[in-house]
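Contents: one structure, followed by commentary.
Note that the chains take the letters A, B, C and D in the order they are written out, and that residue 1 is the start of every chain.
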Amino acid sequence: MVNTSVTLCGLPMDNPIIPASGTFGFGYEFADWYDINLLGTFSFKGTTREPRYGNPTPRIAETASGMLNSVGLQNPGVHAVIAEELPRLKKVFHKPVMANVSGFSEEDYVYTCQLLDKEPQVGWLEVNISCPNVHNGGMSFGTLPESAMAITKAVKAVTTKPVIMKLSPNVTDIASIAKACEEGGADGISLINTLMGMRLDLKKRKPLLANVTGGMSGPAVFPVALRMVWQVYNAVSIPIVGLGGVSSAEDVIEMMLAGATAVQVGAANLVDPYACKTILEDLPRVMEQLKIDSLSEIIGGAH
Amino acid sequence: MVNTSVTLCGLPMDNPIIPASGTFGFGYEFADWYDINLLGTFSFKGTTREPRYGNPTPRIAETASGMLNSVGLQNPGVHAVIAEELPRLKKVFHKPVMANVSGFSEEDYVYTCQLLDKEPQVGWLEVNISCPNVHNGGMSFGTLPESAMAITKAVKAVTTKPVIMKLSPNVTDIASIAKACEEGGADGISLINTLMGMRLDLKKRKPLLANVTGGMSGPAVFPVALRMVWQVYNAVSIPIVGLGGVSSAEDVIEMMLAGATAVQVGAANLVDPYACKTILEDLPRVMEQLKIDSLSEIIGGAH
Amino acid sequence: MKKSIFTLRSQNEIAPRTFELVLNGDTDDLDKPGQFVNIRIQGYYLRRPISVCNVTPGRLTLIYKVVGSGTEVLSRMTVGDELELLTGLGNGYDLTAAGDCPLLIGGGAGVPPMYLLARKLAEAGKRLTVILGFNTAAEVFYEDKFKALGAKVLITTVDGSAGIKGFVTNAMEGLDYSYFYTCGPGPMLKAVYDSSATEGQFSFEERMGCGFGACVGCTCETKYGNKRICRDGPVLVKEEIKW
Amino acid sequence: MKKSIFTLRSQNEIAPRTFELVLNGDTDDLDKPGQFVNIRIQGYYLRRPISVCNVTPGRLTLIYKVVGSGTEVLSRMTVGDELELLTGLGNGYDLTAAGDCPLLIGGGAGVPPMYLLARKLAEAGKRLTVILGFNTAAEVFYEDKFKALGAKVLITTVDGSAGIKGFVTNAMEGLDYSYFYTCGPGPMLKAVYDSSATEGQFSFEERMGCGFGACVGCTCETKYGNKRICRDGPVLVKEEIKW
């Protein structure tokens, strides 16, 4: 019998599999497909202080082995998330959930995190300082060590639960940003958010996305994500949540060997609603093939 | 009859198709497959002051819709390039060639560019400040506006031919680097070099590449390349050579609509030696379908 | 909603670049007109959503137009090939609002979902009028199939090479109907909205990520808040639509 | 060097996860033992290089082991399927150095290229000794085929379940030969290098980008400078090798 359990920032998880924010809604959509309590946890849709419609459509484009999205943080706002989404989730999911938070100012982050920190259903706060699809905010916090540290400190000052900072890959030096978050008191780092890309409509001679650029995800970005997890593992001593193109049990193990304590699965959920379930079913067999008894023992094992 | 001709930094080209440096050797290998005079030009293997063996093998790994390489600028050195490679090339290629240059110091770049600038076969100097596979140099020049400008100025001071600066995508703000090159006197910008990535060997639990990380190329990176060409087109007024995952005539047109005056084809040459020939054969048909009479008229047409 | 494997039974080009694809598989979740399936195509990351044209137990008919390299690959598939589908996606049309003599209006790629709808309404004993809009005579398909259901069929073509010259709205003038259902390109839907005399239901298209409500890629604003075209739609009622 | 389409004629699993693939196509550029082809596999970016096991006009035989998902896909292809190959890659073995009684040493995935070499040498009237090394008896293949060429065949297995227990070098002890040719995993080649009594030729493996000399991904150092395994190799002579 193989052991898939891991501990992320002090909280035990049955397995390291976490559907990524923005690909799993508030969970109950996927409960129509399978029992989502099989998962380690999931990270819910990026939540902001105020409700957001997001960007105009089209918001989706295809790429080679991947996709672009420019959803732009559509969400009902933190108050509706607490009043409506969490109670609905409670009926179908009985584990601590990862609360994903975005903002446009330090105060936004503080406000939203403070509220979600008090919710008993929330196990971790994942603070997204890396959304490429919103102007004046989001990603800009994640591209400078100073602002990354400032947001981390501000959120840590008002919360009690583990704070995981979610980083952008669209930077020159990912390790310096991760280190700044660690110095600011972060309990963990998750990476990567999407790579900024775009596509054109050749007939219309215009960008395919109404927002012009979007975030690229899917297997295409996996090698970049793996490289950054590797670099951040060398730079910090807090746990890392690895994500970016993960689509199979083998990818999960590759991410963990590079340094991830837990692994998020994003775009794969969108092209196959059973993606995470399949990964969980495949994991024991792949672990046995690779002579892995316990997943927690391989974290960073390729260094 | 459609018109595929373009002018790159003052030099006319029959068409905008340029095999990218590192995927086309010094040209004559491909002359075994087809008449390489069909091409607009090609960019020869990155040349340094001294001969280089490059990195240990394995240097190649596969990714979803792409590949990693960590060749690390293997080349015979500028003196052997001038004494042996260019004369051999002269027999099979009768157009101005693009001379790709790398270095580990400002003096290296100056030395190598000065020599190649004097070669009558050379039409353009492409100065690579973005190789991800060499330590202490290459990419580091391309990740800061100041050093990018310094190299540009130093090379421009000793050369007469158009200087095209080749940029790394592994940066937070590609536009600022491009602008610095323009201010330094660059005649053009080429982008993107490879995205830094890695893969692991799950059985050995070690990186697949002996150099640990490598540069990712192939269709997977096309949307990132297109986005950066778009951003740089908005930032500078010198011509752009677009590259990164280009594999078809449609991709060429997409790059040109985003702002590229000419288009390099890289990894595609490695998986299909006829890639550029096929693109050239397809271009007139695709242009007609899209109602394009002249390629030079669509440059930046999607802005 | 289900994920399952279908087997290609037949594929025919019924109009230029327009293919009728008949699949065998599990159709349990496919009974509602106006729903769609999402097809995985080898070599392409995102699935291709295609609306259901007809369904009988174990047999699914889809009609699609080749618009890119993904549908091009689909069009080259042959008898016996297997396809992985997500089925039972979308809300579908509400038939209870039809009244006695509903009007169905399909334009181009919006014609196929009208067929299953017409069949169900005919089975319910309704007197049907169907308007099918195309660009030109060569593109016309399924006219006889709709007639075989007992519907009064009006064809429109932009160039006048078949039926009434002009748009579907030209054929709507002077018609008497209890309710309407429509599917087609955005500008056509807007024109139908402006020309229609009764309440009705509209099926929308949008670029989708997942097709089952997870990614919110295909959101639109309605008078009653944001709706996901893939899950809360693709059918919206006239009254809630914001243009 | 050529790029052309081959059609799958047969495929058989001749040992666990080891497949013999017979293709029909243009073999004009495929006559030299020790060369390889580079196969495009649907869904994978890089081609898979596989050494030529045998060739007759219009018919090519390859033997490969399933080592990952790319070769897994290849192993599931069936009669009539088409494959795009680059053929005539690599320098191949030089037969003129063989002498009267050459020794051929193949280990595991290095056995297949020994077959065409043995056939050509046999046709040239040489007295052949062939050593074939495997891990265990179940993995042994082509023993009879080599015997049918008139070669003296020695089998070695690491676990001793067939032939001589141990490595190919155990079988080399005491043998008399004029020259040798070898192909197999790196450690085996090094052991052969150290144990061999004559000059010889070694065929190397390396991860390749293109397979035809463009990307210099597979460079190795030799006593006479850098060589590309794919183009200047895969065969190197004993004398130039640096370990």
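Side notes on the structure shown:
Here, a residue touches a chain if its C-beta (ideal position, glycine included) is under 8 Å from a C-beta of that chain, and two chains touch if they have at least 3 such contacts.
None of these values were measured; they are calculated from a predicted model.
Of the two chain pairs shown, B-D and C-D, the one joined by more C-beta contacts is B-D. Note: centroid distance chain A to chain B, computed from Cα atoms, is 34 Å. With each centre defined as the average position of its C-alpha atoms, the distance from chain A to chain D rounds to 46 Å. Between chain B and chain D the centroid-to-centroid distance comes to 36 Å (mean Cα coordinates, whole Å).
In terms of their C-alpha centroids, the spacing between chain C and chain D amounts to 56 Å. The residues of chain B that reach two or more other chains are 63-66, 218-219, listed in rising order. Contacts between chains close into a ring here, every chain touching precisely two others. Of all possible chain pairs, those that touch are A-B, A-C, B-D, C-D.
Listing the residues of chain B that touch chain D in their complex gives 22-25, 29-30, 32-33, 45, 53-54, 57-67, 69, 71, 74, 208, 218-219, 267, 269-274. If you check the complex, the residues on chain A that touch chain B are 63-66, 68, 143, 170-172, 195-200, 202-203, 205-207, 212-213, 216, 218-224, 226-227, 230, 245, 250, 253-254, 257-258, 290, 298, 301-302.
Put simply, chain D touches chain B in their complex at residues 1, 3, 40, 44-47, 70, 86, 206-210, 212-221, 226, 231. Taken in their complex, chain D has these residues touching chain C: 42-43.
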